[in-house]
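What follows is chain A paired twice: with chain B in the first complex and chain C in the second.
After this line comes the complex of A and B, so read on.
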């Protein structure tokens, strides 16, 4: 069975021997767009075996003794290909939308942005991505990349989410598992939120900060910005001129998401 | 001190956000964020302004003594030239 998806403009074909495993992948990647053709050009992953599994990519072969491990290998490979080979300007950030406008949270892995994203989705926001702010190089329009969210046990408990599919040390969730819809063609960015870790869980203060802080943060989180650095500067400057830039003390993620929602509605 | 400053290297792409300039350097694939002082100097590096003229302009706009501003300008020009953002200065006369 072949699971085909388009991830950040990259056509991905995953050939899977185990039909049960294929069905799981097909479900988890259901929010990504279809390739719309039978073409297998692009990035190819092959998963052979029924346990243990061998996950073969153009880069290497990885073995997994558990289905959870195999899922992690496949999704990591697909994500790496997406953010590396994407034809868009892609930067490491979470993106959600509401009312036709978008909120962007640029941040590194492990900063809490996926947990914050999950909380925002539970509070009525639509899912764009927990991985990449992607912009069309020509028009500057946003492109969705709604890959599954991976939450740690702590995050899952904090978000009070149920369901999902277990992977290595994490639970994989689609937006629908959090009661949210997906926005594959999000509107323009209205707010950029910079995260600051707070030791005090009650401290979820939001302050207005300089746009320069946001530009430096975005440039330090780029995946493909160096492909055409001059154009990247122009697109990001244009984005920031139209957006408010906030700094959020990320205390408890549910409270932080509620605070962001309040600020958004008040704005 | 009658050197002309700049012009910027032809390949530079620059933008300004809230008073600070950013430049992409294709040869090293790096982004340079200029501070406010360097941005003020950078704005005047057009290939026709002299160092004396630049100091006069900045003293007039932002205050300070000629000695203070001249020192700042020299430092900024050195950094901009070292980063390859300016063509070598031409000498008048």
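After this line comes the complex of A and C, so read on.
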């Protein structure tokens, strides 16, 4: 069975021997778009075996003793291909939308942005991505990348999410598992939120900051900005001129998400 | 080190302005430099090739301070911009 998806403009074909494993992948990647009509080339992953599994990519072969491990290998490979081979300007950030406008949270892995994203989705936001802010190099329009969210046990409890599919110490969730819709063609960015970790769970202070802080943060989180650094600078400056830039103390993620929702509604 | 006499922005750099400060991308080093407010004031004087004596006078007028007070600072900013590859120089001397 072949699971085909388009991830950040990259056509991905995952050939899977185990039909049950294929069905799981097909479900988990369901929020990504379909492949293009002429998708003869692209990124190929092959998963062979019924346990143990071998996950073969153009770069390497990885063995997994458990289905959870194989799932992690496949999703990691697909994500790596998406963010490196994408034809878009892609930067490491979470993106959600509401009312036709978008909110962007640039941050590194482990910063709490996926947990914050999950909380925002539970509060009525639509899911764009927990991984990449992607912009068309020509028009600057946003492109969605709604890959599955991976939440740790702590995050899952904090978000009060149920369901999902376990994978190597995390639980994989689609937006629908959190009661949210998906936005593959999000509108313009209205707010950019820089995260500041806070030890005080009740601290969800929000302050307005200089747009240059966001420019530096976004560029430091770039996946593909080096393909055309000058154009990336212009696109991001255009985006930031039209956006408010805030710094959020990230205490408890549920409270932080509620604070962001309040600020958005008040704006 | 002598300060350059005439300087101008490097043609291959890309600059944007946000909240009154300029950020410049240098394709040679693949780095972005976000300038301070005072460096931005100097930068604005360099959009055309300019004698640094004139540039220093313009910056002094902008901040309403005596030229002598900022001459060294302007020269230092220009040297920094040149070292970062954001500005090129023509001729050498003291502004």
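Criterion: the second predicted complex is superposed on the first by the 262 of 267 C-alpha atoms of A that agree within 3 Å, B and C clash if a C-alpha of one lies under 4 Å from a C-alpha of the other, contacts with A are read in each partner's own complex, and residues count from 1 in each chain.
Keep this in mind: a residue touches a chain if its C-beta (ideal position, glycine included) is under 8 Å from a C-beta of that chain, and two chains touch if they have at least 3 such contacts.
Keep in mind that this is a model prediction, so the values were computed, not measured.
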Fit or clash - chain C, chain B, common chain A
clash
Touch test for A:215: chain B only (first), chain C only (second), both, or neither?
both
For A:34, using the defined touch cut-off, is the partner it touches chain B, chain C, both, or neither? Pick first, second, both or neither.
neither
Let me test your reading of the model: by the given contact rule, A:230 touches which partner, first (chain B), second (chain C), both or neither?
both
Return first, second, both or neither, reflecting whether A:240 touches chain B, chain C, both chains, or no partner chain.
both
When the two structures are overlaid on chain A, which partner does A:23 contact: first (chain B), second (chain C), both, or neither?
neither
Which chain A residues lie in the overlap of the chain B contact set and the chain C contact set?
210-212, 215-216, 219, 226, 229-234, 237, 240-241
Hey, which residues of chain A end up touching chain B in the complex?
210-212, 215-216, 219, 225-226, 229-234, 237, 240-241
Looking at the complex, which residues from chain B come into contact with chain A?
13-18, 20, 22-26, 29, 31, 33
Sites on chain A touched by chain C in the complex
210-212, 215-216, 219, 226, 229-234, 237, 240-241
For chain C, which residues count as touching chain A in their complex?
13-14, 16-19, 21, 23, 25, 27, 30, 32, 34
